[in-house]
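What follows is a pair of complexes built around chain A, which joins chain B in one and chain C in the other.
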Partner chain A sequence: MAKFGTWAGWPAYAIVLAVLPLVVTDPHGRLLLILITMYGVLALSWNLTLGFAGIFNFAQIGFFGIGAYTTGILVTRTGVEPWLALPVSGVSAVLASLVAFLPVLRLRGIYVGLATYVFSQLCIYLVLGQAGLTGGSNGIVGIPRLSLGDMSLRADGRIGYYFLGAALLFAVTLLVRVLTRSTLGRSLLAIRDNEALATSRGISRVRQHLIVFMIGAAVAGVAGSFNAFLNGVVSTDIFGFGYLTLLLSMIFLGGSGSVYGPIAGAVVVTVVSDALQDAGPWRDVVIATLILVVLWTAPKGLAGLARSAVTALRERRGRADRPPSASEPITHVKELS
Partner chain B sequence: MTGDAPVLLAAREVSKSFGSLKAVDRVSLEVRRGEVFGLAGPNGAGKSTLFNLLTGIPIRPDSGEVVFDGREIQNRSPRLIAKAGLKRTFQTEAVFDSLSVMENLRVSSAYGGAGRAVRPDPARCREALDVVELGGDPERPADGLSLIDRKRLMIACALVSRPALLLLDEPAAGLDPADQDALIRLLGRIAGSGVTMVIIEHVLSVLEALAGRMAVLDSGRIIATGVPAEVLSDPKVVEAYLGPGAAR
Partner chain C sequence: MSGISVIATSTLVLGGLYLLMAAGLTLIWSTLRVFNFGHGALLMFGAYLTWTLLNTTGLPLIVSLAGAVVAMAALGAVYEFLLVSPFIKRPNGDMLVMVATLAATMLLQSGAQLIWGPELKQLPPFGGARVDVAGSVVQGTQLVTIVLAPLLVGLLALVLRRSSIGLTVRALEQNREHAQLLGIPPRRVYLFVVMVAVGFATVAGALLGSMQFMSPAMGSDPLLRAFVVLAFGGAGSLAGTIAGAYAIGLLEAVTTYYFGLSWSPVLVFLAMIVIMLVKPEGLLHTRVRSA
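Then we have the complex of A and B:
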């Protein structure tokens, strides 16, 4: 049985997500919230392979784009029910992940990074080469908005999109939490720590990495689909360096290998990036400096900082509750009555 | 007695070269079920290379065959060799540092068996901890353990899936005499429970205390095999350790 304390934060997390749009009511603020949920989902999915499994996977942006293009093609070319496009986009990203995984079979480290980055870039050429289907360099425009009955998710400052994004974020956070605490999650950490030892304990690197690669791709595909519905257009920009650096910033700032860190990273990077909208190239300089400062002072990112703060607080509390031992100096004397 | 016991592991004419260097040169040995077999030799003699060839991590023999429990395994993947019941430890006290003590055992228990991954067996995990006498909070991080406790945990992880054969690569390396004694007692208990073991060791007192038979490797070749007292007084062995003329 799971301890109550282990799960006590989840209702609070759900309540915060539910209440946020009531506090942030202006359209721009709502859009930021929606972007935070989408980036949070994508960063969480990427962190599974990059942070927990230690795979230099740069194909995640490719899966995100494939999800978006799958949705764009399905709803504009085939007339598929838009809601159905969300899971189908996840499936198409999983199929693509089987191709992207091929270099992981043999290569290690930075070579996997290079090969998977090439995969994402090849997606651009694939899209441009199939212009009849994908719109080529014009992209796909006129993707219909999602609606529930007569109510468009765009109504009331896109509140429907916010709740869809928040539901996805909550579900993916829960998925990552459960997955990383499972035997599969622990085996990923074991492989990351010491592959030879993990193999000698009977763990298959290829099998475990493939599973986590596919799960991450499915989530990224759904996030891509969400992005397509939110913007109404899809272009090859989605495979670009902009998304890649943005997402990496979120993961490293938040703390790679932490369950909640990428969400904190998504919040900070999205808000800072928006606040510096008019700063031009200085925006990237400020974000890069912020990441350097955080990683220099706290290599495990914001999640590591939070963990250290909680540990320090607990230790202080523990010391305060404990009577001084003989070896500890008495630093205060109670007034005698 | 182990002298009549069936052969559990056999290496036959196993060789491995790295360029012009013959690291292991036509080595043959047999380990019988239930025995403790020692492997000694000077630095660079090829002991760890031989262990790596037996377990497939990360190399395979150029020639020769390795038979475990009646089946040739020299072409099997290291994972399948491990799943067949041949577990090993490493020279450096390797544990999974990101995991807790108990999580180290859980993943070893879940994946170490013969078939597909199973749910970790909590009773076996606790039993393995008891066997190696690793006390304290089992949920504490493994990266904070002392050297001897890391070795205890490494051995417990190898034992948790009840291997038929345990290969220990220099288990006493880096330990002070008191910890060496503790390790000898621990390995003695494990051997007493019927686990077959092959131990590579520089600390010869460990092999004298535990091994029923042993072999000495020098320059990739076996130069002596037999009971430890005889092998360690063999002039070829003395010469290999102390240099030419030392045996006179």
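Then we have the complex of A and C:
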């Protein structure tokens, strides 16, 4: 029963996710909730490689886009059952991740960043080059909506999409939590923090990194598919700078390397970005400034702030019964000088 | 015959532009051990600043460019102070700098959109000189790029080799701790390096802005090519960067000539990935890359 406390949050999390659309009923608010779930899923999956494994992975946006394009091409060209496109997109993103992983084999640190960034940009050129299949710069339009039986997921303010997104978010949160506490997660931290020691203890860097790379890509591919169904269109914007910076700001605002931080980041950045929808370039100015302020003042992000707040609270409570000693002399010295 | 001279011209022009970009990136990389993702946005800002100086003061183009270089170097100092030095000492600092410079790109791009608006702008050609080479004509900005880029980078190499500030830069490159033991203040060197790199990017931006229309996103393509140059020549060596820039220029000119504009970047990037797999330390470099 000792573990009860650690798992008690999960039903609460599920209940919050289930009740939210009943509280937020206007269509715009619902759309915002859906976007939060999608960005949350993406940020969580990206944080696996970027935060926990410490790989400079900038290909995640590419996997997201590849998932979206897979869905777009599948459902408009082959007439395959739309629901099937969701997992297939995950698989195609995993296949793409094998290509993107090649540079990780022999490169380290920042060079991986260069190679994976180039990979995402390469996706744009490939999409534009294969215009017959991908629609080139026009993108793919007319992607059919998902429906469950007779009910379209668009009905009632897109509530179906919300529950699909919320289910994905819940599943991915659980996945990340389980993964980070598993042997795989621990070995990733060991490689990130001291590669020589980890390798000497018998951990294969390439194997562990490949596994986490593929898991992250699969999640991003499914999220891309979700995005394609939600919007009904796919264009090369999906590989663009906008998504890249938005997601990075979510991860670093929430706290890279924390399990739940990116979700908090997704909530804050989505809401802020929506509030500034009409502000044009000012929106980017505000988000960029937000990233920088967080990097300057709280390098561990919101998660780090929350953790230190909890620690401070505990310390204060623990200190209540004995006289405060540490803080007093400091103020005294300040008064003197 | 004209095919070869067209390829040769565009090799020298593209190579020159990439050289100006990549030389700055290499310099920052080898001394600060961080990667500046904002270099493309700085190039763009430099180009727009040159345009403003030209159109508000009525100074000659080359003087406007010089003014923009000075102003951008000052901006580079601020850039170093706000985006690089706060993070460089922290654990995981190279990733933080990468994210901070990405945010700076966002800031500079949206800033340019706010300041200069969406309408198309272009700088006039640098000079009207023209040279006939085997049936094709090279003139104006292209000619200036062909001559100026190697000249500036050669000057930089000379400064690094001969002057006292160059010596301190190279000392920091080779052994940061030992250089500090000898009393070299790294902060001053970092500042110098970033200012020089931003100045070079400004020149590249003005040259590019005179050959094509300027836009807030105009820096992202040259930045990507500069990545490829670094992969090719091995980041951290100026000689490798020079060779890499012209090699990528040649590759791009040839592939554009034979396969068209939309396939050329794909082939260039594929070449980069293959090189990274086969010879990750760079084709012309022997140091193993572990960052």
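Throughout what follows, the second predicted complex is superposed on the first by the 317 of 337 C-alpha atoms of A that agree within 3 Å, B and C clash if a C-alpha of one lies under 4 Å from a C-alpha of the other, contacts with A are read in each partner's own complex, and residues count from 1 in each chain.
Here is the rule we use: contacts are C-beta pairs under 8 Å (C-beta built on N, C-alpha and C of every residue); 3 or more make two chains touch, one makes a residue touch a chain.
These numbers come from a predicted model, not from an experiment.
Chemist: In the superposition on chain A, see if there is space for chain B and chain C together, and answer fit or clash.
Modeler: After superposition on chain A, which the two structures share, chain B sits beside chain C with no clash.
Chemist: Which partner does A:Tyr111 contact after superposing on A: first (chain B), second (chain C), both, neither?
Modeler: second
Chemist: In the overlaid three-chain picture, which partner chain does A:Val285 touch, first (chain B) or second (chain C), both, or neither?
Modeler: Only chain C is touched by A:Val285; chain B is not.
Chemist: Could you tell me if A:Gln121 is touching chain B, chain C, both of them or neither one (first, second, both, neither)?
Modeler: second
Chemist: Give one of first, second, both or neither to describe whether A:Thr183 is in contact with chain B, with chain C, with both, or with none.
Modeler: The first partner, chain B, only.
Chemist: Touch test for A:Arg201: chain B only (first), chain C only (second), both, or neither?
Modeler: In the superposition, A:Arg201 touches chain B alone.
Chemist: With the two complexes superposed on chain A, say which partner A:Leu244 touches: chain B (first), chain C (second), both, or neither.
Modeler: Second partner only, chain C.
Chemist: Counting residues of chain A touched by each partner, does chain B or chain C come out ahead?
Modeler: Of the two chains, more chain A residues are contacted by C.
Chemist: Look at the superposition and give the distance in whole angstrom between the closest pair of CA atoms, one from chain B and one from chain C.
Modeler: Minimum C-alpha separation, chain B to chain C, in the superposed model is 11 Å.
Chemist: Touching chain B in one complex and chain C in the other: list those residues of chain A.
Modeler: Overlap of chain B and chain C footprints on chain A: empty.
Chemist: Considering the complex alone, what residue numbers of chain A touch chain C?
Modeler: Contacts found on chain A: 50, 54, 56, 102-103, 105-111, 113-115, 117-119, 121-122, 125-126, 128-129, 241, 244-245, 248-249, 252, 280-285, 287-289, 291-292, 295-296, 299.
Chemist: In their complex, what parts of chain A are in touch with chain B?
Modeler: Touch list, chain A to chain B: 183, 186-187, 189-190, 192-194, 196-204.
Chemist: Mind pulling up the chain B residues that touch chain A in the complex?
Modeler: It comes out as residues 55, 57-58, 78-79, 82-83, 87-88, 90, 94-99, 103-104, 106-108, 110-113, 117, 119-120, 157-158, 161.
Chemist: Using the touch rule from the top, collect the residues of chain C that touch chain A in their complex.
Modeler: Within the complex, chain C touches chain A at residues 29, 34-35, 82-83, 86-87, 90, 92, 94-96, 98-100, 102-107, 109-111, 113-114, 217, 220, 224, 227-228, 230-231, 235, 262-263, 265-266, 269-270, 272-273, 276-277, 280, 289-291.
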